[in-house]
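Presented sequentially are two complexes of subunit A, the first with subunit B as partner and the second with subunit C.
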Partner chain A sequence: MGAGARLGSGLAAFRMIAAMWIRSTMAYRFSFAMTLLANFVVTFFDFVVILLMFSHVEGLGGFDFTEVAFLYGATSTAFGLADLALGQVSRIGRRVRDGTLDTLLVRPAPVLAQVAADRFALRRLGRVTQGLFVLVWALVLVDVDWTVLKVCVVPVMVLSGGVIFGAVMVAGAAFQFWARDAAEVVNSFTYGGNTLLQYPPTIFAKDLVRGVTFVLPLAFVNWLPALYVLDRPYPVDLPFSPSLTAFLPPLVAALCALLAGLCWRAGLRAYRSTGS
Partner chain B sequence: MRLYAAVAAGGFRRHSTYRVATAAGIFTNTVFGFVLAFTFIALWDERPNLGGYDKPEALAFVWIGQALLATCGLMGGGGFAEELIERIKTGDIAIDLYRPADLQLWWLAADLGRAAFELVGRGIVPMAVGAFAFDLALPDAAWQWPAFLGSVALGVVVGFAIWFLVALSAFWLMDGAGVVQIAWLCGLFFSGMLLPLTVFPGALGDVARVLPWASMLQVPADVFLGKYTGWGLLKAYGFQAGWAVVLLAAGRGLQLVARRRVVVQGG
Partner chain C sequence: MDFIELEDVRKVFDVRKKKGFLRRERHEVRAVDGISFTVPRGEMVGYIGPNGAGKSTTIKMLTGILTPSGGRVRVAGIDPSRERTRLAHRIGVVFGQRTTLWWDLPLIDSYKLAHRMYRIPDARFRANLDRCVELLDLAELLAVPVRQLSLGQRMRGDIAAALLHDPEVLYLDEPTIGLDVVSKAKVREFLRDLNTSAGTTILLTTHDLQDIEQLCKRVMVIDHGRLMYDGALAGLHEIGESERTLVVDLERELPPLDVPGARVRRVEGPRQWLAFPASASAAPLVTEIASAYPLVDLSVREPDIEAVIAKMYADRAELG
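Moving on, here comes the complex of A and B:
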C-alpha cells in the first residue's frame, strides 16, 4: 500500500470512529451542551486573565492589548484545531497501562487514526471558536499596514501552527510507550506552550525564547509570523531575515509532522503488551 | 477513627507509588511556574505593588500556586472525583454504600492522605526551583510555616468538599464531564491560580475573595506571605473552616438524598 492510500484509509477510519463517538456523545445532550459551553468558557477565562492584566497596565513587554490579543487568538486557534483532531492521543498511556491498546492493534485500521478518534470530543470546538473569535476581533482592531504578503501569512500561520501542535501531541503520545505515566510532561509542552505563546516573546528570558525557536520550534506557531505582521523585531538573533522567517512555518510544520510520525512508529514498534 | 486513619495512610502510600507520574507532575508544574513567573514580572514591572504585592511576593504567589495545584485539587480533585464518578456510572457505588464505613468520610480520609503526599512529593521541588531561579518573598518568622500548613490543610478539606459535591452530581447526570469541567474552571480562576484575587478589579474581586475557592490558594498564599497575623489569621482560618463545614454538610445532604434514590447502573 502506498503512502497516499495509507493516509486515505487512516482518514477514513478517523472519520468513521469520530462519527460514532459524536453519535454516542449526543445521547447525553445536557452534558454535551454543558461541556461545549464549559470548553468555550474555559478558554475564554484564559483570555479574561489577559483582560484583567490590561485593566491595570497599558502594555506588556512593549506590546499593546490588540497585539497581545492577536498573539493569543493565533495560538489558541492553532492549539484548538490540533486539540480537536489529535487531543485524544494523550490518553495512550492509559491504554498501554491497562492493556486495551492490544484491541486496537488487531483492527484493520491505522492505530494512530484509532487512537486519535477514540472518544472523539466534539466539545473541543468550543476552544477553536473562542480562539477564532479573539483572532478576528484582534485583526479588526490591530494597527497594521496590511500588505498582500501579511494577509497571506495569517491563515498559513494558524494552519501550520495547528500542525506543529499536533506533531508535539503525537510525539508526546509516542513517548508514553516508554514512560507510561508521564502524560503530564507532554502537557507542559502543549498546554504550557500554548500559554507561553499567548504572551509577547519580549517578556521571557532570552534562553527560553531560543529554546522554543531552535530546539522545540513552538515559536513558529505564532511568534515569528505574527511579529512579521506587526513589524516588530524578534528578541533573539535569527539566521534569516524576518520576512523569510515569516514564511517558514509550513516548512517547519511539515518537518515536525515527519519527525512525529517517525517517533510514533518507533514507539509502536517498541510496545510490549502488559499481558494483564 | 482508626479505620479512617488507615484509609488516609493508604491514600498516601498509593499515591507515593506513582513515581513517574509524580516526576512528570513536578516537571509540568515547574514549566508552568516559569511561564507564569515571566508574565508576572512583566506585569509587576509596569505596576509595582499591584494587588498589594511587591515583585518578590507576586513571584512567591506563582510558585505557591504551582506547589498547591495538585495538593488542593485545583485541577480535578487529584483524580478522586473521576474515580468516584466512574464508580457511580458503573454501579460499583452500590458496593461502597453497603460497606460499614461512611462514604464521605472514607473518601475524605483517602483524599487527605493523597494531599499530604502531593504536598511533599509535588510541592517542595517546584517551590525550591522557583526560589533558586527567582527572588521570592519567603516567611521571616518561623511560626509562618506551621500557620501556612494549617491553612493548606483547611484548603484541602474545602477542595475535597467541592469535588465530592461534583462527583455526586453524577447520580443525576450520569455523565459528570460537564460539571467536572465547570468545577475545574472555577477552581483555576477563583482560587487565584491564574492571577491573584487581590488583582481582580471591583465587584469581581469582592465576590471572588469570598467564594470557597479563595480558601484553596489565595488564603494559604496570603498566610505564607504574612498578610494575616493575630486575629486576622484566626479570621482567615475561620473563613476556610466555615466553607469547609458548609460544603461538607451540603455533601452529606446530597449523599443522603442520593442514597435514597439510587438506582444502580450496569449489570
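Moving on, here comes the complex of A and C:
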C-alpha cells in the first residue's frame, strides 16, 4: 500500500472510531457540557497566572502583556489541536505492556489511527477554544503594523505548530515500543514544551533556546513566526535570515511529521519482530 | 492449493535478563523452531501443546502480528506480515485472554464499527449479526458495556465480532479458557455448526483436550517450538497411551483395589486413584468396583495435554 493510500485509510479509520466515541459521549449531553466547561476553566487558570504576573510587572523579558498573550494563544491553540487529534497515542506503552496492541494489529486499519482515535474526547476542544480565545483577543489589542504576509503567517503558524506538537507526540509514543514506561518523559517534552512556549524566549537561557530551535524544533511552533510578526529580534543567532522565519514553520512541520512517521514505523516493526 | 501453508517457519526472540545493575545477559529463545504444515480450506484443526510451546506465537505469525524470523508463511496466498491489513479482511481472530471488543462501549458499538471498518455490505451485516445474536444468545447483551460482561458472555461477543465480515478462516486462541460448562458447550456447538454450514476453516489452540475431542478430526501437537504430532486424535491417544483417572471414595480405608484393566496409582485414606487407558470405557470398571467394594462416590478425570505429551516424550526416549 502506498503512503497516500495508507494516509487515506488511516484518516477514514480515525473518523469512524472518533465518531463512535463522540456518539457515546453525546448520550450524556449534560455531563459532556460540564466536562467541556471544566476543561475550559482549568486551562484558563494557566492564563490567569500570566494575568496576575502582569498586574505586578510592566513587561516580561521586554515583551508587553498583549505580546505574551499572543505567544500564549498561539502555542495553546496549536497544542490543543495536536492533543485533540493525537493525545491518546501516549497510551501506547500500556498497550505494549498488557498485549492489547495485538488486537489492533488484526483489524484492517493502520494502528496509529486506531490508537489516536481511541477514547476520542471532544471535551479536549475546551483547551483549543481557550487558546483561540486568548489568541484572538491578543491579535485585536497587539500593536503590530499588519501586512498581508503577517496576516497569513498567523493561521499557518498555528496549524504548523499543531503538526510539530503532534509529531513530537507520535515520535514519543514510538519510543515507548522500546521503553514502555517512557510516557512521562514524553509528556515533559509536550506539556513542558507548551508551557515553555507560553513565555517569551528572551527570559530563558540561550542554550535552552538553541536547544528548542535546532534540536527539538519547538521554537517553530510560535517563537520564530510570532517574533517575525512582532518585528522583534530572536535572542540567539540564526543561520538564516530572520525574514525567512515566516516561511519555515510549514517546512519544519512537514519534516517533523516525516521523521515521526518513520520512528513510528520503526517502533511497530520492532514490536512485530520481538512480540514483547 | 492449501489455504494455510507454513514452511520451516521459525521465530526467535532475544531475551535479556538483568544481571546486576547494568549488565544484561542476552540469550535466544526459539519460540517456534522450524514448523511446517498445511491446512486445506474448510478443515477444523486443533493446535495443542503445553504453556510456552509456541502456539500463540504461531497464531500471531499467521495473523501478521509477528514477523517470522525465518521460513515461509502463506494464508490465502497472502504473506501475513507484509500485507497485514489486506489479510485482515479475510480472517477472524479470537484471543481467549484479551478482547478485540471496545472495552468501555456497549457491545453493539463494536459491531457497528466492524460494519464500517470491514466495509461489510448492509444486508450481509444484518444477516450475520442476526445469526450470531440468535445462536450465541447475545440479544440481551447488545446494549451492555463490554467491561460489564462475564467472561463467557464476552467470549461469545468476541466470536461474533470475529465473524461479521465472513472470514474464510477463524483463529481461536484458547476460546474456552475459564468458561463454565454451559458456555463451553455453547461455544463448541456454534463452532461446529460454523465449520459445517459456512465451511469456515478453523484453527484453534487449546489446553482442553475435550475441545479437540468434540470438534477436531485433526490435531497438531507442538512442544518447544517443534511439531511433535500431526494427525487424528485417536492416533495421539495411541502414541501417548494416555490414561484417564478414576477417583473412588470408599467407605473405609482399604488396601489397593484389585480390578482388571486398571491399576492403582495412589491411596490416601479411603480415597484411591486408578489409572485406565483413555480408549477404554469407564462403565465396566465402575460396575466392577461397585459390586466388589463399598463405594461411596467416584469421578473420572480426563488426561490433560501435559500428561499426553510427557508420555510421548517418555516413549521416544525408551525407543531411542
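Quick note on the criterion: the second predicted complex is superposed on the first by the 266 of 276 C-alpha atoms of A that agree within 3 Å, B and C clash if a C-alpha of one lies under 4 Å from a C-alpha of the other, contacts with A are read in each partner's own complex, and residues count from 1 in each chain.
Heads up, the rule we're going with is that contacts are C-beta pairs under 8 Å (C-beta built on N, C-alpha and C of every residue); 3 or more make two chains touch, one makes a residue touch a chain.
It should be emphasised that the depicted structure is a prediction, and the values quoted were computed from it without experimental measurement.
Student: Is A:Val185 contacted by the first partner subunit B, the second partner subunit C, both or neither?
Tutor: It touches subunit B, and subunit C stays clear.
Student: Answer with first, second, both or neither: which of subunit B and subunit C does A:Leu60 touch in the superposed model?
Tutor: In the superposition, A:Leu60 contacts subunit B only.
Student: Is A:Ser31 touching the first partner subunit B, the second partner subunit C, both, or neither of them?
Tutor: Only subunit B is touched by A:Ser31; subunit C is not.
Student: Looking at subunit A, does subunit B or subunit C touch a larger number of its residues?
Tutor: The partner making contact with more of subunit A's residues is B.
Student: Touch test for A:Gly8: subunit B only (first), subunit C only (second), both, or neither?
Tutor: neither
Student: Looking at the overlay, what does A:Phe204 touch: subunit B (first), subunit C (second), both, or neither?
Tutor: Only subunit B is touched by A:Phe204; subunit C is not.
Student: Can A:Leu196 be said to touch subunit B (first), subunit C (second), both, or neither?
Tutor: It touches subunit B, and subunit C stays clear.
Student: What is the shared patch of subunit A, the residues that subunit B and subunit C both contact?
Tutor: On subunit A, no residue contacts both subunit B in one structure and subunit C in the other.
Student: Of all residues in subunit A, which touch subunit B in the complex?
Tutor: Touch list, subunit A to subunit B: 28, 30-35, 37-39, 41-42, 45-46, 48-49, 52-53, 55-61, 179-185, 187-189, 192, 195-196, 199, 203-205, 208.
Student: Using the touch definition up top, name the residues of subunit A that touch subunit C in the complex.
Tutor: Where subunit A meets subunit C, its residues are 1, 9, 13, 16-17, 20-21, 23-24, 98-100, 102-103, 105-110, 119, 269, 272-275.
Student: Inside the complex, what are the residues of subunit C that reach subunit A?
Tutor: Touching subunit A: residues 11, 13-14, 57, 60, 63-67, 69, 81, 84-86, 88-89, 91, 93, 95, 97-100, 102, 104-106, 109, 112-113, 116-118 of subunit C.
Student: For a test of understanding, state which residues of subunit B touch subunit A in their complex under the given definition.
Tutor: 18, 20-21, 23-25, 27-28, 31-32, 34-36, 38-39, 41-43, 46-47, 50, 173-179, 181-182, 184-185, 188-189, 194-195, 199-201
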